[in-house]
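The same subunit A turns up in both complexes below, where it pairs with subunit B and then with subunit C.
Entry: the complex of A and B
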């Protein structure tokens, strides 16, 4: 099992920076789980770690969502050719050209923070005191000799029997699919709503309308977004599952979500995506899909019981 | 003591207090003729910080406390928790404080800090102090084999790769490169409930030509606490000052020093000794915790300063200038604080070191260079009992390059 990758192009490094910012949001999403409420859950290590899946063509960064305890899932996909000038990998066996690694998001995002200011980056799977993903970045300096920063991020190789959890997640059969309003606007709305209530209702219909609603004993607040547009037929995902033709365009599909999860998702989006849409499965899950140039991200926020 | 600090300098004072708060829980105030010294030491005595503000830093600086004419300047100790909140929000201080008055009131045992803010608002804080001897560390940077000098920005860029919770880091220096890496205790990581926790290992290396000044006398590998260093680095960055690093072999303290026209800041950190570098326990401190009344124990410091032949020593004006028996943190490696004006370097005749008083002639020589020194000595009755850490012959070798590696 081997992996070596090298990024030397500045533009590619900038794209990779986007990736690292997304990771920061992943760290946020994973940390504040309301159902944990102070009790450290060591039930499953997977809720506290991220999975890096490497194939000859793609890099996947996956946060497995444990829907049972209200966790959020995230799926991030990069086309390796758009980033790496050099990319060599050998899978676990000669037939299976895939590697699955479990990595703790905090050190990984710290390593990537260094990458943000680098001139060139090398990624390698190595074995030091344990299996590590070594990130070696060369930082620009005024002199001819660059500074080299090396981070050895400890990783765990995930055995093949657990791999099915990290295969490409199909898009659920959603009821409504709508483009999202500008994320900054959404964020400022959600930030203010958070002060009033813990739960928010997201609803949208096929007419391009979306509402964000909160309700308390004293007050109810609704923000209406109009003319957002609906993706034609299906959406960016390759799976089919488009909305049924007979659905009334005025009828809203709604999901009640934990407002903090939505807020954390919005906090991590510092860069405006080229495409952002939202699939809603009525009273089930909100599936958010973002496309940042070469990086595609999917978030699943489950409905609150 | 009575001083007035102008608007722009209040922020510098605040930053100095922030830096010292990272080191210890108590703040020593030592008003001297040559300036106001703010010092702190951590409980393990493995980190020491000193910020000396010369009278030029202040709009007005006087050692006398208001009404009491001719009274001696009180040296005192404050609880850091009382002082830090006053300077916590530096941006709002910068915006609203026009000037700051600091004075020591012996009648009420309070240090009075008054902020004169915009719109005629005056905030007065009375902080209880404990009278105390001045705190001093003894360190001679000229004995250090390796000296580095770099803009604060460079050092800040070096430590930014390490997480905020990183306790210790190891700095390695060879003629080819300078490396900084996080300190591995035991090498196997820490055992937790879920199995051995694997720590992330970070290493960064720089070429010597990135430093403004790079002098290497011996290849060394030192491990010290990063947390205590961050304070002075942030201070240096805010003033855009270069930082000088004096280091030697593992086990000897490392000194980080910053200076400009009106102030001088120093942080001394103990380093892990070689034999302990594989231990799981706390790194043993090589700054021995010795807060003792120095008067009656001249032997220790003097013995340390007895070096072979013609070592050049600088006069430790801070030590001699203390009024009552000042507690001395003595280190096994003959350490003294680096001097403000480093070009003054007096050569030492080791035989003279045995005397515990300085000869009148040398005192006079001393006074030409360090005014504060001689006047303090005249005033203080116990000057004669103070251990002399440097004896100087009349023929000082003023041409000595202060930065040359010691013999």
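Entry: the complex of A and C
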């Protein structure tokens, strides 16, 4: 089992930086995470599991929807050829060209932070005191002598019998699929709503209408987005499971979510995606899909119990 | 639903309807008096007065005249209610509240009367947010009985000159002392903090002093915690008038220009700190 990758092209590195920023916000353990907000507090004991899956063509970064994540799941897929100038891997066996690694979130976050200011990056699977993903970032300096910062991110090789969970995510049988409104507007609204309530209702219909609603003893606030458009049947994963043809276009499918989870998703989106849509399974889960050129990001937010 | 298609019949149920093309013309001035959660809204034909009180010895009022609004319709002589000001501000700023070029949030504020919530319709870029905020029984605002005829000392200063002093005020000082006198030091702000005493003097001949009418020497102390919030009103104003009456009651009046250059007023009343004592 081997892996080695190198990014030396500046444009690719910038691209990778955009993607790692998205990942970094997803990896945030809680709002007070010092790596994300600059506030120094004790990190919560609940850590998220991050999985890095490598195939000859793709890199997948997965946060499985475990209870410790509050049920939020994230799936990010990149086409390796669009990032790496060198990419060599050998899977666990000669037939199975795949590697699945469980990655420690905190050191991975720190490594990503260094990558953001790097001139070039090398990634390599190594064995130090334990199996590690070594990230070596060459940083720009004023002198002619380069400076390299190396992070050894401890990883656990995931045995094949557990790989089931990390295969291509299936799109759930959703009730409504709708394009998202401008994320910047959504973020402004959700940020304010968070001051007023812990829970938010997200609902949408096949007429391209979406509402974000909060309701407490003190106040109720509803934001109406119209004419968003609905993707025709399929979606980016081109899986089966379009909404049933006989559904009344006016009827809303809704999910009540923890507002911080939605806010966390919106915080990571610094760049406008080329495509952004949302699949809603009534009172079950919100499945958000974003396409940034060649990075596809899927986020699952479950309904609150 | 777009603001413009609100049905006629629904309008007839409201005792108060106020429209603003730019919600910031209301939210900015309300931010200047936000020091407590609750505020009393009083609407009359003259416009809107929003009152916030603290400890029964400080009162802040924001006045937004009827002609600031694009529409201001009142079906009764006076409409009063109490509302959570921080919730109201979150709603008014739902689309971000920052000064993005060109983008402004339109507001329609409606109230059906006693027992009903205050309904806000906010629109920006085709997106509409509807907020319903519960109202409460209004408490009687204090009448400090501050009248112009009892004013002993008055100065009007350009806000610029006071902004620096107020932003640097020694917060370890429990009081802010204001001295006004027909002779030196004329107008002085003093603090007594852990690192020592600080004095800010403003001469009556200073360029910043637009009016100086002091007949007697008066020194009064006011609790810093009560006056510090007035810094917010100072920072958005262009002129401030400082007046005291025979009892040492302080009246600060701020002239504020909104985004469209229209004038609004903010006023602070503060009782002198009883423990004072030495001249």
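We adopt the following convention: the second predicted complex is superposed on the first by the 282 of 305 C-alpha atoms of A that agree within 3 Å, B and C clash if a C-alpha of one lies under 4 Å from a C-alpha of the other, contacts with A are read in each partner's own complex, and residues count from 1 in each chain.
One rule holds for everything that comes next: a contact is a pair of C-beta atoms (placed from the backbone, for glycine too) under 8 Å apart; a residue touches a chain by one contact, two chains touch by 3 or more.
This structure is a prediction, so every number in the text was calculated from the model and none was measured.
Student: Should A:94 be classified as contacting the first partner (subunit B), the second (subunit C), both, or neither?
Tutor: Touch status of A:94: no partner.
Student: Under the stated touch criterion, which partner chain does A:217 make contact with: subunit B (first), subunit C (second), both, or neither?
Tutor: second
Student: What is the contact status of A:192 with respect to subunit B (first) and subunit C (second): first, second, both, or neither?
Tutor: Second partner only.
Student: So, A:111: does it touch subunit B (first), subunit C (second), both, or neither?
Tutor: In the superposition, A:111 contacts subunit B only.
Student: Name the residues of subunit A shared by its contacts with subunit B and its contacts with subunit C.
Tutor: None.
Student: Spell out the residues on subunit B that touch subunit A in their complex, using ranges where they run on.
Tutor: Residues in contact with subunit A: 157, 161, 163, 184, 187-189, 193-194, 198-207, 209-210.
Student: Looking at the complex, which residues from subunit C come into contact with subunit A?
Tutor: Touching subunit A: residues 1, 84, 86-87, 90-91, 93-96, 117, 124-134 of subunit C.
Student: Can you tell me which positions in subunit A touch subunit B when the two form their complex?
Tutor: Contacts found on subunit A: 42, 45, 107, 110-111, 114, 128-130, 132, 139, 141-143, 145, 147-154.
Student: Can you name the residues of subunit A that touch subunit C in the complex?
Tutor: For subunit A paired with subunit C, touching residues are 181, 185, 188-189, 192-193, 195-196, 217-226.
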